[in-house]
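Have a look at this one.
A, B, C, D, E and F are the chain letters, set down in written order, and residue numbers restart from 1 in every chain.
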């Protein structure tokens, strides 16, 4: 239990997190987010109008699509476009990201506008979905700032009701740890992804027993770690957003 | 807070649960499970052999497919076979059911055999995924008993390491309640699906803030309710399985 | 030629037929129809409006979709939704059911409304398409009664111009027999599906030589049997419909 | 009832039928068959080996695929390859052609070889499926002669146990007529496709009431016409096959 | 270098070219074009209206779809409709044909009308795409003449601004040759398809080194041959169009 | 004709070209290539074994897949994985890249190994396919060096027979220019993509008249520009490859 993590981190320590804003020239908001060697490109596209089923209701829409480049992983995987269908894992993560971001969106304040968050994993080393959510929030904030600056939404509209960050926790070698990388993730007995607001409340909790089922105490310990991790990530997001106006 | 639930149930009360075994003549195990008006047909198909990626490893496989009949719901929805693609929700639930059942399976003891659980929703009134897991466990147990009786697995093999049941909990009208039906589910502020073993440990916890994010106390209250609900369902499963040998 | 059928029926005898109305809570008409061990759930969905190509013509539309649950049969078959395409047999039977029902529909009297008949085979033991047609007619009648009661169609409108029933006939062991079950169907030399009105006229005749081609006399004998069988089924339908008003 | 058919034919008269063998250079058998303005290209491809599910059983396989060029019809229809799925009608007709040809094939005598019949409608004017069957038989006979000449099947093997032809009959303007063209077909009250052997027995009978249901007498009259028509087509086929050896 | 081509042609000689107009009864323009044994059916469908993205702009649209019958080639290939997706080669050639024809179309003069060119290869022996372009031009001209005659476009409108023909050139056995057939094409070191106007200017040049890369001199020699070949084909097209009015 | 290009470049000047090797940790070769604002990630995946149709022939295989992230462009485009099919343009470019690289590969020397080049456009500003080819060559060279270092191919094997680079040329505002960016590309009258070896010979020439057809002189001028551009790119590639061993 006292053994170090394979990369020397403390149990409650995230990997090095980098958030590079405006990584793309075209997108209304874009972020290259890195959790260690995991690298996700988050692009926020702001468009006027909403899907047909929302028309005329005066509310906006935020949605997300997650995908992985074929060689993001250690061995190449086939493209979903070539296979002609999107896999269950892709669907599931796309839905999670969209749901998480909508939890901090006031769709009335957004007006009849749509923001799509494309989260493309350029390199995968565990935690791609939590990195995607954490980065996508920053791209989303930039897209909203852009829309306000361009007069696409009202000057005083506040579509963002809070911030959102996500982190994975799990039990590795019998010990609860924060922000698992791929070697840890592939041997974890329990695996949990937690999405939280900047204020420390829960948006989504998804815990899975990969090995033995877990009890209430362990669940509590994991939630403690996740709360600490999300707070750290929130600090990072705020620092990144403080660095300057949208290009 | 003292208002009754719309159908008169106590906050910690499940709907009437019925588990009818051997509903089909062909399947190695089959259950019609009903949580109130939600009605799911669970069929377990036992086949010798495993998918290609498992061949020669001496371990078996358990997987699940969830689907809904077009008129299971209040308004007819298009068939996924006609649309030519499976939706994200269907994928996600199929994966959840398979993962939950594998948590109580010793794949070594199963030998190189595969069991597929087909969970088809005949009528939907909330909680279809939790009903499916709860019913599928019974069908799975019957299929394993069948295989043992037929000598397809060893007489003393114990592929089942425990039992599994699932229930939904949520916050409706500001109050945590157990086993939401559709009218409750569609107005819930927080929605959580919990999968537990018969021994009261967690296999899967999936909580989502539909409205305001939730805090640690509320999470605790919901887990308490779910623990109580899963224990009730476990009792039901045991009663159903005690009723006689496989047809 | 004097050998009994494997289940003891006379050559001109159908299996036990059960028609359970209102099997579903949501559908405007629904029937669980059983021809022996063959079990088909028929749901009629009434919706206002018609497909685009019929708009503004003042006529309604009736169509059908047939499908089979994966474990309806003795060995599990893959879902068409998973395969991403509907097979030829499924298409063919769906078209047959729709055509058969439209033969007793006055689309003008239906007004610009659509009724979709979903016929899902829960268990297959031969004759699924004929059971589906026979059950779907009853569900259709209930959906029309519902629409009239709700004022969705005129009180005096008579969209139904007659009743329709269907049965299979074939040559098994050299002898013409009525309503083949799976063991008979799989060894039949000639196989014919016949759809008739309650008045004894033909809507559809589909005969196929599985073994040796058949001559005019044999065709006559098979049509005699089918006429008898459809008359029996018509009596069953009338009895079922007489049992009470739509729920 | 004494009115002439719109093109002056007698009620029991087929359109002008032309069968041009060896229309293609590559195929082992090929026929351009014309029923009046309906023009179908039938190509028989002989290949050694059988589909996986038949391997090692010592029997061959004959199957068919039917399709229509986009501008075969009066208004252009979208390609099924572009739509990404094959329609129900296409499936149904492909299956009918394959079944009809297999009725005159001794698969044991064919050995483990496969013959695929591609029936592509170059121009449609009613009766495309019956023209396809009639032409495909001749292409099939040529492919078998080719295989025998090349020693791909035994010199004395007789895979063909008979000949097959098909024709449509229907009720137009109250009168039973033979071999309907498109203007007749689109106004027919009853429509029947009949596939027969050269010896005058039935392989397939498919009758549909498009308008009023039909009675037993009318069915008899239509079968008489079809019997006459198939006999005429058989004569044509024999004449075409007598014209010379395979190129 | 002095060896004859395998079919005795001179290096700068095309195969025998035949252009049969009005091969179909329904299409507004149709041509069966033959380059030796290569046989392509080109059908031009004129329809009023344009795709949605062009509506209200006052301009028309010309597009093309290329396809091959399964037995056009020496061994049968699977249908793209059965495979459920169009291959890269098919897409690429369809796009090339459409682009080539649009190069001689004044879309303003066409008005808000669409012409689709379906080019279906009935038999393939090399050069199918160049035969398709050459034949499609004639079908296009006929469809435009038809539209003018019917008053669908203005009497004095000139949507055609020139003519277009295409030919392949390549290096076979070390020698540049014109209009390769399949045996030549499959052994060519360099392969080039050239699309030119009747006035001798280039619309499209697509050259590929199949073996060794080629230098500027060889490129020049190939373009000389192609220029000669396209001029010959233009003469053929003009002769075909001079033969009479549209049927 | 003397007007400057919109970004101040000389007519025969490429944009700033950057080639960053080893941009990914997992791939056997990887390059981020930038032509101005166009940014393509090229990953080379080396795997032992070949596709089934090449097995046992002692030769290897090199292929490529091209794709664009949804927000690579100025307005978001739908994912091909979501649409369920790959568009014609994607297919065409993937095929071009694969063909171009195979032109400098000795598949015998590669042995029975496969290299897949994934070229994902992260940002598009014209010339994505030429940037992809230019970058993919460097990734390919690195993957081969990796395989040699790991002993996966023989120490003295020389699978690379040369280098390959590609550039676009076109006529903008009446003047031939090199390496068009998006604003130039979208207004070009003629557009040509040229793929050349490091020795200055042609692998592929694809020229298209977007506006008026072009004559032989203009074609010559464009080929001169392309020759100059490819030589410049070759120098860049050599410099990048000289910078150090594979990580």
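For this structure, a couple of remarks:
Everything below uses one rule, namely that a contact is a pair of C-beta atoms (placed from the backbone, for glycine too) under 8 Å apart; a residue touches a chain by one contact, two chains touch by 3 or more.
It should be emphasised that the depicted structure is a prediction, and the values quoted were computed from it without experimental measurement.
Each step here moves to a touching chain, and the least such steps from subunit A to subunit F number 1. Taking the definition of touch as given, a chain qualifies here only if it contacts subunit D and subunit F alike; those chains are E. Of all chains, the one whose mean C-alpha position sits at the greatest distance from that of subunit F is C. Rotation angle, subunit A onto subunit D, C-alpha superposition: 180 degrees, expressed as a multiple of 5.
Subunit B and subunit F have Cα centroids separated by 51 Å.
Between subunit C and subunit F the centroid-to-centroid distance comes to 60 Å (mean Cα coordinates, whole Å). Averaging Cα coordinates per chain places subunit B and subunit C 33 Å apart.
Rounded to whole angstrom units, the spacing between the C-alpha centres of subunit C and subunit D is 29.
Looking at subunit C, one finds that residues 84-86 touch two or more other chains. Of all residues in subunit D, those touching subunit C in their complex are 85-89, 91-92, 94-95, 99, 103, 162, 192, 196-197, 199, 201-209, 212-216, 219, 223. Residue ranges of subunit D in contact with subunit E, taken from their complex: 24-27, 30, 37, 41, 43, 45, 47, 65, 67, 69-76, 79-86, 90, 116, 118, 120, 122-123, 125.
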